[in-house]
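After this come two complexes, each holding chain A, first together with chain B and then together with chain C.
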Partner chain A sequence: MTPNGAIVFTLVVVLAAMMSRMSGLIVLYLLCTLFAVIEVGPNATAALRRAVILMVPLAAFMVLVWVGVVGRAPADIAASQPGSRVSALVYVSIVCARLFLIVAIVQIAAMRFAAITPLQFIQLLRAPIALKRLGVLTLSLIETLLQAVDRAHTALIASGVITRRLSARNVFNGWVLVQTVWLTAITSVTGRMRDKWPMEHTLKLLDPLLAEKRKDPLRTPDKIWISCAAVAVVGIVWGDFYGLP
Partner chain B sequence: MLTTPRMIAIALCAALNFAVGSIVYLIKLPLYLDSIGTILCALLIYPDRRAAFVCSFLAAMISTVITTLFINPFLIWFSATELALALVAAYFIADAEEIFRARPLPMLRFGLRVVLYGILTGVVSAVVSAPVVAYVFGGVTGSGSAFLVAFFLKAGQHLMAAVLHSGFTAEPIDKTLQVLFAALLFRATPKDFIDMVRARPQPAPT
Partner chain C sequence: MGSREFISGPNFSGRSRAVHARAQGYGVPTYFIGPYAEAALSGLSSTIADEIEIYRAKDHPADRPRFRAVVTDPRRKPQTLSGGEQVLLALHCFSLSAYRALAIDTALEQLDSANRGDALRYLDANSSFDVVLTDNRARPPNWNCTQLIASGTRFICNWDGLRGKLRPQHAPAVAIQQLSFGYRSGQDVFSNAAVALEPGRAHRLFGPNGSGKTTFLKILVGALVPRSAQITLDGVAYEPWRSGNRALALATQNPDQQWCGATLREDLARRRAALANRGDADALADDRVAELARDLGVPSLDQHLYELPLAARKRISWLWPFSGAHPWIMLDEPTVGQDDETCRELARTLEALCGAGYGVVFVTHDDAFASAVPHRVLHVEDRRIS
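Here is the complex of A and B:
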């Protein structure tokens, strides 16, 4: 499967999830399970674990707000009915099932490319060269920024401006940390742009690396999976038309 | 339009959005603070407004995609809000770049502009993001502002009205802080770097 195919497939599934009711969600869960088993294999469990870790706090938060605080579903509020915590729980369950599917398919599709580096992923992607170059630069600068955070954090703790633990001083002087990180990063990239990259021809070397190597944007497995997702969308719309729950 | 210094500015601003937004999301503050880089990018690239808009939107989208993959999987739904923010940043907030860099700091004019643009940005993003919050997330997105939605729902308001009121309450405060932080970072940015970013691409020699 190609990165473009995975992106298109994920987008179609996400759009379908947004349109679907319970029956549609069941179809999409089956499709995603098939995709996970065939395309990702055992690594899919890691993707699912990550989806659960991301989704559980939000689900708990939703239960707290809707069931604990509000105590009735939006439909009850709209109809000016007293409602119940059970109807609120049913509402939260459907929203969470839909959101979990969305999170899971994004994680599973990302896990499909776990074996390659982010640079290789960008290299395989069919996209405008400027966008690919921007992606590579951003990944590189995130590293620079994280190193700047480490250095600035240590320096400001050593000078007594902020502390290692939660404190009022951190609240008042936290801004100094943000400013220091920004200035460190700016100084670093200005140096690279002026001296290092022109000397090493970094950007000229990057372009051939990112150039397209294949002519077709999608391969056969991509087309099969996208077609399956499209069929699921048609089924969901048809089910909706005939009033399936 | 996308010169190397501008690409660097976009990447830096995207990284800034990602870093600050993630911290705020993880500690559940009733704020977002995830668009400081978007506003800062428009300020850095102004006066070429079209480039400022395109670059700040690119910075917003890159940070949104990265945050969606690693921290908050739902942020991608707010892409339309990012687009609106980039528009406001490039066509309104960037107008104040001279005041934001003036030395000595004109406290009154600086403060007034920050509050004015903060409220404007807050109202725009509240209106644009309300349908997504209401219909995709059922009013609860995982940020601290969900408690405000719960408060308005408890008071008997319909979901869409509760989300809009929550947005009008929290967003102007959040966006005023974002404009303030972006203005202060812009003020601290070395002139050399700003000149590099603003330089127009040279035509190829004939």
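Here is the complex of A and C:
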């Protein structure tokens, strides 16, 4: 599979997930399971684990708000119906199932390329070079921010402003961490742009590196998976038209 | 034949400017290795493999040999390497690139003596590129040398005044047993290591680049959580990663990794507030700290830290340890970017601190500096401290 194919497939699945009801979601889950098993293999469990870690807090919050506090589904409220906690739970389940599918397919697709580095992924993309350059710079910025978080964290722990473990002090001084991360990130970026990049013309090195190496944007496996996803979308629209739940 | 130029001079004599000017004079893009990560790495890569790939050139000069690669895991993030390893990676990248000129600003000071020797031999033996270097420790023979002299009166230190203001302390004895630690994606750094740090003495952590010296300091201040460790202060259990750091003042290798605010006043206020929770805030009265800052060459607490030159930032990073807020002082590569006179005065100050009852731990690859401080050597190698 190519990066282009993975991106298009993921986008189609995400689009389908956003417009589908329960029956459509079941179809999409089956499709994604097949994709995970065939394209990713055992590594898919790591992707699912990440998706669970991301989704569990949100699901817990939604259950608390809609089932615990509101006690009715939004549709009940719109129709001025008394509603019930069960209808609220059904609503939360569908929303969470949809969001989990979106998060999971992004993680699974990313895991498909776990064997290559981020730069190699961008190199393999068939896209305008300006877009690829933007991809590299975006990754660079993300790395800079992650590094800034690590540095600021170390600085504030060493000075006793925050602690390594959860504490009330961390809550009160959370804004100091944000400010320190921001200052650190800016310093890193300006340091790089003032000294290193102008002297080396570092960014010019990207152009030959990112030049197109492939002619075909999609290969046969890409076309098969995208077709499957497109058929699922058609099925979901058709099911919606005929009133499937 | 490539030229070899060495820029010599004290701090604030314009060495970095001279290096930049010389690089511009080459008239071709020049590979730059600065003293810290922002200036040693491209900042465009997420892995070491990508960093190498960015610089690898198809039209690599045939007469330029490779500088050896020292890091074995190509998927590791380059920013997580130690300072010395970053410099070695940068030299490796340069050796694969098409650059015809190389500028190095005090970066070699972070290398241990074996690696520094290798680096200088590499630069000496290859004539296919120009090099301009400034460095406080290495002075390659047979290179053209430009001697700069100090200009102006900025950032002048009053070391005698500083030493006169040191507060006496009673540092506790630190005992560390069964220390095991490893980064998530790498090998163990420590495995059942044990060491005792004695108050009133200086200890030098000594070992090759990447052996875990900085990691050890980060564990002691609570920034990293060991897999197992029993640390005691005067026999009382101490777990800084759980309860917070209350005994050790750390000055990091890169001073920009230790600030808690944009100005010196803001930085100190936050540190003082953290100490106030423990009832010893009087250690950092504003007037006294302002005087110490003046002694370290920064006249105002309202000074924006990031507007100071790097060498001045490094010096002012010692303010917190010297203020007496904590009984143990830890300095990570304190001499990087500092001229000989500053190193001599710093050595005398560390000796004075030990005399005042502090415990001192320092990491350095600068043997001349280390020999000026009476100390005990702690070898950090093969996951042990001995």
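Convention: the second predicted complex is superposed on the first by the 183 of 245 C-alpha atoms of A that agree within 3 Å, B and C clash if a C-alpha of one lies under 4 Å from a C-alpha of the other, contacts with A are read in each partner's own complex, and residues count from 1 in each chain.
As a working rule, a residue touches a chain if its C-beta (ideal position, glycine included) is under 8 Å from a C-beta of that chain, and two chains touch if they have at least 3 such contacts.
Being a predicted model, the structure only gives us computed values, none of them experimental.
Touch criterion not met for A:S227: it reaches neither chain B nor chain C. By the touch criterion stated above, A:T45 is placed in contact with neither chain B nor chain C. In the superposed model, A:A130 makes contact with chain B only, not with chain C.
Shared-chain residue A:H201: touches chain C; no touch with chain B. Contacts of A:L183 after superposition: both chain B and chain C are touched. Contacts of A:I77 after superposition on the shared chain: chain B is touched, whereas chain C is not.
Overlaid on A, the two complexes show chain B and chain C touching the same residues of chain A, namely 137, 140, 144, 179, 183, 187, 189, 197, 203.
Chain A meets chain B in the complex at residues 18, 51, 54-55, 57-58, 61-62, 65-66, 69-70, 74, 77-78, 91-92, 95, 99, 102-103, 106-107, 110, 130, 133-135, 137-138, 140-142, 144-145, 149, 175, 178-179, 181-183, 185-187, 189-190, 193, 197, 203. For chain C in complex with chain A, the residues that touch the partner chain are 20, 23-24, 29-32, 34, 36-40, 42-47, 49-50, 53-55, 58, 75, 77, 79, 99, 103, 105, 218, 221-225, 240-246, 248, 250, 252, 256-262, 270-271, 273-275, 277, 306, 320. Touching chain A in their complex are the following residues of chain B: 2, 4-5, 7-8, 10-12, 14-16, 18-20, 58, 62, 66, 68-69, 73-74, 136-142, 146-147, 149-150, 153-154, 156-159, 181, 184-185, 188-190, 192-193, 196.
If you check the complex, the residues on chain A that touch chain C are 117-120, 136-137, 139-140, 143-144, 147, 151, 153-161, 163-165, 167, 169, 173, 176, 179-180, 183-184, 187-189, 191-192, 195-197, 199-206, 208-209.
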